[in-house]
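Going by the order they are written in, the chains are A, B and C; count residues from 1 in each one.
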Amino acid sequence: MNRLSWFNAVSLTLGFAFLYIPMVILIIFSFNESKLVTVWAGFSTKWYGELIRNQAFLDAAWVTLRVAVFSSTLATILGTMAAYVLVRGGRFLGRTLFSGMIYAPLVMPEVITGLSLLLLFIGVGLDRGVFTVVLAHTTFSMCYVSVVVSSRLITFDRSLEEAALDLGCSPAQAFRLVTLPIIAPAVISGWLLAFTLSLDDLVIASFTTGPSATTLPIKIFSAVRLGVSPEINALSTLMIALVTVGVITASLVTKRAMVRQKQEEQAAARAA
Amino acid sequence: MIQFRNVTKRFGQFTAIDDLSIDIFEREFFALLGPSGCGKTTMMRMLAGFETPTEGVILLSGQDIDPIPPNKRAVNMMFQSYALFPHLSVWENIAFGLKRAKMPKQDLKERVEEMLRLTRLEQFAHRKPHQISGGQRQRVALARSLAKAPKLLLLDEPLGALDKKLRQDTQFELMDIQEKTGTTFVIVTHDQEEAMTVASRVAVMDHGRIVQADTPAKIYETPNSVYVADFIGDVNIIEGRATPNDGETYRIDWAEGQEPLTATSAHPFEKGQACHFAIRPEKVTISSERPADAANAVQGKVHDIAYLGNLSTYHVELANGTIMKAQSANTRRISRRSYTWEDPVWLSWTATAGVLLAD
Amino acid sequence: MRRFVLIAIPYLWLLALFLVPFFIVLKISLSDAAIARPPYIPQFDWAEGIWAFVRELDFENFIFLTEDALYWKAYLSSVKIALISTALTLLVGYPIAYGMARAPEEWRPTLMMLVILPFWTSFLIRVYAWMGILSNEGYLNQFLMWTGIISEPLIILNTPAAVYIGIVYTYLPFMILPIYAALDRLDGSLIEAAEDLGCSRAQAFWLVTIPLSRPGIIAGCFLVMIPVIGEFVIPSLLGGSGTLMIGKVLWEEFFSNRDWPVASAVAVVLLLILVIPIVLFQRNQQKQAEAEQ
């Protein structure tokens, strides 16, 4: 079983080629000299220069970053609370409705979420802008956070919390001193997920934003509608590079920690 | 020190504890013994404060503990999974409860070191729980729950996760620590051997009730019911009908065409009352000739022999098909064993060797 | 008290920002369009009371949806595209997941990361990447003409084919991950047992592997199909004017025609279509969670 059969080798190669070739092409052509994106005319980084000088993109990036930081932080707090209520809250009135509202946004088409939130904001007379986008992003990404955190809480040994209570903690102290440090990795990955979701979102942001706050995906979308452009290629390359570095670092860190823990456990077992 | 007064606990339709009353005394090592689902863990969790009784009261030093939340009780618990905080070192785990009690730094340090000495963990103080072995983790859990010097320590299957050899060593260690600290220990276990070894008093539980609570020796020698006799150790049970002789001895008719048995009982039986006669295998003597002076003797043939090293258990088939077990110490080498399969043998015991139990 | 606050905060947040907006959509879908700001005449006013609302109630926006062929064609074609692309994604994704589960142990974390990596990169960028590949003078056509397989450029961009490619590409991780999770749990000795009992390789795969990975397949299919029905970005960037999808129709109704009541009615009907798969999906997940416990 430990050698790949030729069939598996072929399917993996083709599959990953399919997943990665489009991105590789995008990255290569971001260094293309020519304005005509489909014709290679020599290596150049000039589109990156253009990008940095493009004030509209910089403004949009700044708006997006602000929205992502605020909404993911808020979503992490609310989502962790929601996960805790779902897993540890016991029975309360409307629990089914609550868990339904947590899971439904995960599969809800973005056009519907966006439309309904917009109509709400107009209904209550909120001026649309960064604030409304933050509210919208918080709402849908808190559900993702709560799914990530609650799957960790389910496997969490409840007697750890009871031990903390037994040793004199108030419930709030038990959460702060025991539960939170242990589920921290899940909370952090929830935050990262919320952050990228907010960074990526086009549809909900388009509905809920106003003229003052154009996010980067909205900007990219309106540029891309007109066709492929080398500047967008450069921007995409930067974003892909950022995500790749982030994901690889995160997976290396967790892998190292896991290997170390395993080694230490084995050492302890041998010593006994 | 602890009094359960008519305590009942229900989870929905299910009754976990059924109108239970018992006293647990100071400095006692008390074991709750029973199969899983008998309610022993629920009793412990009520003492710790994680469950509240549906009916009845629990008194600790004469005070109703129901309104006191777990974090304010002078009761500590050692969890079955140990529940060591994985993000804290051994030292910090032991200090955890003391810090919550706002103990001054110097005293705290001394107390933690005292606990580390008591459990022989000094050299592991700065390791994390995953860096130590199972037996060491068990000791950290014990040290942590003893650090606050609770009036009462609850131990939920404390040795369940250890292998057999380590478990036996740790049992004696637990008894040692209990004696040194003078804390009242209440241990929950399903392992009868463990309960018998460590506890000064054992309560055998079944379906939310305590069937019998007594010293290990009394529980073993004079069980008050078939359930207890069967749950603790190995036993032969013979069904029959009792007829009072003079004094405290009874005649038991147990099978057609068989000599009746004779047994003593402190508990009175009426003439013809159905009874169970229970006798431990090691109290049954096996011999090839009928012993002249035995109060009871039955004949049979060897059906099976289980050789356990120090002991051999003989399964002897009696004339009516009943299998009876007899145990004898192997004081000689195996090659000179006197009985083998299909040998006709006599089983005998004295009138006081067994107990007579009502239905 | 503290428990109450803990429950109330996320609860109220979701009620206010998730549930209430739906009722607003429902309400507006029942009102009349107007050229104003906001561009609709509210049909429901608490002051007038429920009876006034019911008396005036009409479903003209919904009737409009049934009368104009554009809408029901868009719904139908969304569902059709979702079904076909889900099947395609399964066909592409299953062999990859299978290959991953059979790969040497030490490769698996890396393979896993390679599948997740695109998921973290911007959806929009991944769709955009295909625009350059599929266009008439795009890289694919250049490559095919260079190899001499074709002499005329293929027209792929702005056709349904491009939409299928885009969907398979972007939703592939959602299909691979649950199937991989199911296959990874599968005990290898089961297949050996099947072969020992006389199955051929192919029979063992068909009779043991496929049924045991079914929960993963079902989860993957729902995870792809449900969001694809309401997809907007892919049809609008790759599908051109020829591809009808309801997400795009809703967007245009809202942003271009500014007919909010009709857009809301479109959303309500879309939601009704999605209720069935969503409920089925939830039930599948629940069953799986129970089986694991």
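Following the convention adopted for this analysis, contacts are C-beta pairs under 8 Å (C-beta built on N, C-alpha and C of every residue); 3 or more make two chains touch, one makes a residue touch a chain.
Protein names from UniProt, one per chain: A, C = ABC transporter permease subunit.
Bear in mind that the values here come from a model prediction, so they are computed numbers and not experimental data.
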Which chain pair has the highest count of C-beta pairs that touch?
A-C
Please indicate the chain closest to the centre of the assembly, with centres calculated from CA atoms only.
A
Taking each chain's centre as the mean of its CA atoms, the one lying farthest from the centre of chain A is chain B
So what's the Cα centroid distance for chain A and chain C, whole Å?
18
Whole-Å gap between the CA centroids of chain A and chain B
54
Compute the distance, rounded to whole Å, between the mean C-alpha positions of chain B and chain C.
59
Under the stated contact criterion, what part of chain C meets chain A in this complex?
2-3, 6-7, 9-11, 13-22, 24-25, 28, 38, 92-93, 95-96, 98-100, 102-105, 109, 111, 113-118, 120-126, 128-133, 135, 137-139, 142, 169, 172, 188, 222-223, 226-227, 229-233, 236-237, 247, 250-251, 254-255, 260, 263-264, 267, 270-271, 274, 278, 281-282
Report the residues of chain A in contact with chain C in the complex, numbered from low to high.
1-5, 7-9, 11-12, 15-16, 18-20, 22-23, 25-26, 29, 37-38, 78-79, 81-82, 84-85, 89, 92, 94, 97-98, 101-105, 107-112, 115-117, 119-120, 122-123, 135-136, 138-139, 142, 146, 171-172, 196, 199-200, 202-203, 206-207, 217, 220-221, 224-225, 227-228, 232-233, 236, 239-240, 243-244, 246-248, 251, 255
Complex contact set, residues of chain B against chain A
48-50, 69-73, 75-77, 79-81, 83, 85-87, 96-97, 100-101, 127-128, 130-136, 144-145, 148
Interface with chain B, chain A side, in the complex: residues 157, 159-160, 162-170, 173, 177-178, 181-182, 261, 264-265, 267-269, 271-272
